[in-house]
Amino acid sequence: MDSLLQKIYKDISPLIGQGKVADYIPALGAVDSNQFGIAICSNDGEIYTLGDAHKPFSIQSISKVFNLILALELKGEELWTRIGREPSGLPFNSIVQLEYEHGIPKNPFINAGALVVSDVNQSHFASPRIAVREFVKKLSGNPNIQIDKVVADSEFEHKARNASMAYLMQSYGNFNNDVESVLYSYFCNCAITMSCVDLAKAINFLANRGYSNIKKKQVLTKNQTRQVNSLLATSGMYDEAGSFAYKVGLPGKSGVGGGIIAIVPGQFSICVWSPALNDAGNSLAGGAALESMTKHIGWSIY
Amino acid sequence: MDSLLQKIYKDISPLIGQGKVADYIPALGAVDSNQFGIAICSNDGEIYTLGDAHKPFSIQSISKVFNLILALELKGEELWTRIGREPSGLPFNSIVQLEYEHGIPKNPFINAGALVVSDVNQSHFASPRIAVREFVKKLSGNPNIQIDKVVADSEFEHKARNASMAYLMQSYGNFNNDVESVLYSYFCNCAITMSCVDLAKAINFLANRGYSNIKKKQVLTKNQTRQVNSLLATSGMYDEAGSFAYKVGLPGKSGVGGGIIAIVPGQFSICVWSPALNDAGNSLAGGAALESMTKHIGWSIY
Amino acid sequence: MDSLLQKIYKDISPLIGQGKVADYIPALGAVDSNQFGIAICSNDGEIYTLGDAHKPFSIQSISKVFNLILALELKGEELWTRIGREPSGLPFNSIVQLEYEHGIPKNPFINAGALVVSDVNQSHFASPRIAVREFVKKLSGNPNIQIDKVVADSEFEHKARNASMAYLMQSYGNFNNDVESVLYSYFCNCAITMSCVDLAKAINFLANRGYSNIKKKQVLTKNQTRQVNSLLATSGMYDEAGSFAYKVGLPGKSGVGGGIIAIVPGQFSICVWSPALNDAGNSLAGGAALESMTKHIGWSIY
Amino acid sequence: MDSLLQKIYKDISPLIGQGKVADYIPALGAVDSNQFGIAICSNDGEIYTLGDAHKPFSIQSISKVFNLILALELKGEELWTRIGREPSGLPFNSIVQLEYEHGIPKNPFINAGALVVSDVNQSHFASPRIAVREFVKKLSGNPNIQIDKVVADSEFEHKARNASMAYLMQSYGNFNNDVESVLYSYFCNCAITMSCVDLAKAINFLANRGYSNIKKKQVLTKNQTRQVNSLLATSGMYDEAGSFAYKVGLPGKSGVGGGIIAIVPGQFSICVWSPALNDAGNSLAGGAALESMTKHIGWSIY
């Protein structure tokens, strides 16, 4: 594994810093773009790292995965009456489709879908703003994981587009809680900071048929695990899901903080991080690292 | 395997005949809806069948897979300058997206994308109307495969919507040949009749890392094979691709004739057929059979 | 004139009560659908009435006309950098177009456009919630015009769709004030109650080259008056603007309370009211009355 | 009148040649952009001209007016089951709306609507390709009006987008004749060449309550005339209809050849011509000339 990581690094090091750090809020725009980390967590519990793998970063949309898993535990299949399971074919924050589909978002990984998932969790948890944080602490075995309040507050100040989507869904009867409260919970989830190591550990159960070696517990059934992985594979990378499947061939999820998680079912989980993004909003060097990895291991799910 | 087929049949036999046979052209509408066949072709060349597995049917959109493979052999990666690799999120014949994307179809399995693929093949083959038929004869080892001219001519008579898409792409500079000629070639491909056995054999190379045991030849490289499977997984089932991934978890492609092919990479290929369709235009009993199969084998790609 | 009103009434009396009273909020749904009133205010100041012409009703979207005139007085031509002057071709509350046009609404009479106008007025008036009410008191010469708080509060409770549009515009930088405050001002304007007589008097200046006989003052220049009338003619009747021009041929504006105002330039202003609406949300009997009127006077602007 | 024309010319002469001549076909692109003509035809038959008023040019979309009048004579109100009467709010050749509205174009002056009108005329006339030419010969009193075959053939070669729209309407059952034949008739109508004088005379009946002083005949009833004028006012200027109403305030129709006709009901008809177009595809100097005219006469329909 360590030699695999070296090969990957050799392939992609010229790309580190290429692309553009997300800057729609100042707290994200200030991140140094020349960072790169990678962590692998094997199903037998070994951790392999390279570069800035221990440095916490803003997980942003990767939180949608944990958010979804919490809601699936609560609602099971019933969740799919309020959200679709289809790729959207449009940018992550498109509002057109939401009107066309009468307030039912296409899948849980576009913003509108994640807001419905947050609305589901808001109805259930006593402290919805920290429910995801508490969940990832246990999944990763790291009790020190924090929400970056500066980021959360800054996202809330720039809430207009997400607020527009939430209100549109409310107008179609697909939003039950106060819009502003749900938005704040949602932004708190996005503002969680974790390292590559934290994330690789936290999602390892998705590579391990639902069983978490850290939590020592079955998080999802074997079947649910396959289902979540299928959603990641078809909808996890915004409007690059198809290209990511074509080039990398693994279930994955990216965030505008520059992190990407991916699953090698039956073998290991992986998290890469590099803050500069490509035009689709996915980490440029991170995506290249995963493409290099599947080339070197000669394996993808397809 | 034979006992697997029996278990599947037991699960889904109440569904046979449920749904609605495609009837936009008379030749398809006349098919008896109470038919069901299934054929598995293992990577070591064994064939397992049940029901009407030897009965030829109209392969319709399944032809898009063969059409694509021919064009990939001709053009390689250059093909993707004219077609995307992303799921569409909209019905297979939507024209909105085509205008929004300035004439570049989202993927090769929606109608617009298959028409561009046909246009590519039209530019190259001496007899474009029969190029796919000759290709599937060799892939399946069955020299008697035919084009149903009644179906092809009837589709051509009802060409209006496909003609509209082709002309729209031409208006954006993404169509090189005479629209009517390409449409007729395209309809001839859709009107090929094959049995479940023919199809399971013809696509086995996709389960076998690109090598065809029938043709005794590498059809695609190992890497290209993974790429085609990824496209099938993200875009093969129209606007049900996500649900199909969620429930079945295999690369697959359906046709309105009631056939569905699917790939279990490294193991076997499978074809099911039952003419009555669900609301999304996919075989109702066929989809259920594949869902039953992955449940019984306890395996999917995810 | 009185005989004209009698002829109109004879033509349309069978239609009174046909259609459906707006019921998206309870306060509007409770209105008796069998009411009909009509008032004409000639440019020399004469008032002609028939039926329930003195009964106050909820002016709803007719308030958009007064809202616009206030903003035009403040901003002049500069207003058109934030709103278009084109018919929308889509329902009054469509959000698709707003995304397509990057937050610039098509015209000031669709909801999104009226919200931008309200945002402009919110930035200027000390008491924006009552600015329009004070304006119409002076224009109509009736100091007793009220805002129905039950209606305003009920609209605010059902604000989701309008909130969605306002936030979407904010996300594009085309909304300056707090969304909730502007929405409440907007709903207060819609909840003004006026009678046919009040409205016919209040808008007479649009028939009288900008001069109000009631206020004894030039409200708009002659040229601005023509411009406002042109906007009413092309965009005043939601997605029925073209049909209304075809059948009636006058600048007009409707509200879901069942009122319609219309302008006969150089001659008189008119207001009809009947609460039951057609499918496009315009008063069914009211629209028929205006059609009857232009037939009897043998005159339209075209 | 002559002094009015002089004033207009003084106002707009700096604009002549500004903008861009249509160049999607070579025959139009070759026209000298520094030309300007204007002709007024009063209801008592007087002609007033300035500049290149006698020079024939390609009438292009202005032909849609004559095309519509022929179809209205044939079908009357029944025509509106196949075409709407609403402004489109989108560019003249948008295909999105056509899918959204299931093949019913918004109005007879966008391309899709004009194609349906052409389809209606195709079903009736023995020589549909010349029906409009014969009609305008009589209306203008000029027997020498020609179809420019070079232009018609060149348009036909570039037919892709119009073909796409026609086939889409056919797929919805709203197109009865062979697509290619109707397209050729349509392009022949667009390729008619007329001068400002020809056009001002030909449309004078629209200013004269339906009666043509040239043909000495009632072409449309008084009521139909008003209706056609209302359609011109709400939909005659593509997606600039609202701005044209706001600035000019007259029913009008433009063509990409640089001509614009306009109607002053009860008084006169006017045609301006200058080949260079603004971004919306309307003659830049021509639009300015009409705006100058209504300013000088202090009158518009609103």
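Just so it is clear, A, B, C and D label the chains in written order, and each chain counts residues from 1 on its own.
The rule we apply is simple: contacts are C-beta pairs under 8 Å (C-beta built on N, C-alpha and C of every residue); 3 or more make two chains touch, one makes a residue touch a chain.
Going by UniProt, the chains are A, B, C, D = Glutaminase.
Keep in mind it's a predicted model, so treat the numbers as computed, not measured.
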Neighbouring chains common to chain B and chain D, by label: none
For chain B and chain C, chains touching each: A, D
Chain at maximum distance from chain D, centres defined as averaged CA atoms: A
Averaged-CA centre spacing for the pair chain D and chain C, given as whole angstrom: 32
Between chain A and chain D, centroid-to-centroid distance (C-alpha), Å: 55
CA centroid of chain A to CA centroid of chain C, Å: 48
Residues of chain C whose C-beta touches two or more other chains: none
Pairwise chain contacts under the document criterion: A-B, A-C, B-D, C-D
Complex contacts: residues of chain D adjacent to chain C: 84-90, 97, 106-107, 222, 226-227, 229-231, 233-235, 239-243, 245-246, 249, 251, 265, 298, 300-302
In the complex with chain A, residue positions of chain C that touch it: 94-96, 99-100, 159-161, 163-168, 170-171, 175, 179
